[in-house]
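Letters A, B, C and D mark the chains in the order given here, with residues in each chain numbered from 1 onward.
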Amino acid sequence: MHLMTHTIRDKKRLLARIRRIRGQAEAVERALESEAGCETVMHLIAGMRGATAGLMAEIVEDHVRTHLVDHHKHPGALNEDAAEQLLDVVRSYLK
Amino acid sequence: MHLMTHTIRDKKRLLARIRRIRGQAEAVERALESEAGCETVMHLIAGMRGATAGLMAEIVEDHVRTHLVDHHKHPGALNEDAAEQLLDVVRSYLK
Amino acid sequence: MHLMTHTIRDKKRLLARIRRIRGQAEAVERALESEAGCETVMHLIAGMRGATAGLMAEIVEDHVRTHLVDHHKHPGALNEDAAEQLLDVVRSYLK
Amino acid sequence: MHLMTHTIRDKKRLLARIRRIRGQAEAVERALESEAGCETVMHLIAGMRGATAGLMAEIVEDHVRTHLVDHHKHPGALNEDAAEQLLDVVRSYLK
């Protein structure tokens, strides 16, 4: 199991992201409740999707940097360039 | 402006979907709060993303069937086969 | 069956797009043949994917504008605003 | 720079994949040349897109397993479970 040993700052940022997404979900719910136009609903959902992809990209980045290698046991073992190339690809798909 | 003139049944189904997504967002928030493992968080977000894509696919389908043609003014004008082909493509991307 | 009754100009543009994609596929093949680095291969594939999404978006746009309604039989039946809203969503997913 | 030090078998498999994709691009080109229906063209492009995503997923997997850690210098440093969790997420997005 990989505990997310992020700094307090990271945790705050991730929580701010998911709370924004929750707020977007609530806005979609209100739009559906009030029978807003499809255009409105589609835009709200597209925004929620983009925010969700952004959160996933950030979690994946943390995962790659923090958990693929145990930096205490194997300092310097993670190839930073290779990790960055991987994250470039991940980000290009998570848009 | 296109009001979503869905049947009551449609509205209920869409509301059930977005409420499930809101619940998924809350589960992600709780997982981040409690510093659950990345694996857990990534799976929860992946599930939320899939549900969001499913909701979007359903809204797009309603939009295509209901709003591209005013069925009162132009009955029979929407080519059903062409609409179905379009929705096949949309669904293949919204997974 | 829906023949693609595009103008000559459209056809030329679509052919230019798919030929570029074929060229990108050939570049990936050469890179794999010559055992180029993963970074190179991943970038080439990401480019090919983007170009493929762009071609699909263009075909979908043609399909929506040309085939959802038979414009000879039902002139003015396609709601242009609703079509544009649909295409906005499609484009946001085909990136 | 990370040379792709795959086995001969891996290289053959990747080459078979990209050649299939090149063949799919050629089929799209022929379909556009002969003014095949949108439905045909959209299905061919969707197939090409899926195959491209599959190739990317395989390259990313090779990259993660082979290049994130120099296994000669740092044997055992890559956390296999964490790598597998990452690849699960990557595969879910590369469909």
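Just so it is clear, contacts are C-beta pairs under 8 Å (C-beta built on N, C-alpha and C of every residue); 3 or more make two chains touch, one makes a residue touch a chain.
Please read these numbers as outputs of a predicted model, since none were measured by experiment.
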* When A-C is set beside A-D, which has more C-beta pairs in contact? -> A-D
* Quick one: which of B-C, B-D or C-D reuses the A-B interface, over half of the residue-numbered contact pairs in common? -> C-D
* To do: Write the angle of the rotation needed to overlay chain B on chain D, where the fit uses Cα atoms and the result is rounded to the nearest 5°.
  => 180
* To do: Look at both sides of the chain B and chain C contact and report whether the same residue positions are involved, with over half shared, or different ones.
  => same
* Which integer distance in Å separates the CA centroid of chain A from that of chain C? -> 28
* Length of the line joining the C-alpha centres of chain A and chain D, rounded to whole Å -> 23
* Asked: Do you know which chain D residues sit against two or more other chains?
  -> 2, 38-39, 42, 46, 56, 60, 63, 67, 82, 85, 89
* To do: If you connect every pair of chains that touch, what shape comes out? Choose line, ring, star, complete or other.
  => complete
* To do: Could you please specify the touching residues of chain B with respect to chain D in the complex?
  => 38-39, 42, 46, 82, 85, 88-89, 92, 95
* Tell me, which parts of chain A touch chain D in their complex? -> 2, 56, 60, 63-64, 67-70, 73-74, 76-79, 81-83, 85-86, 89-90, 93-94
* Structure fact -> Note: in the complex, chain A contacts chain B through residues 1-4, 11, 14-15, 18-19, 21-22, 25-26, 28-29, 32-33, 35-39, 41-42, 45-46, 48-49, 52-53, 55-56, 59-60, 62-63, 66-67
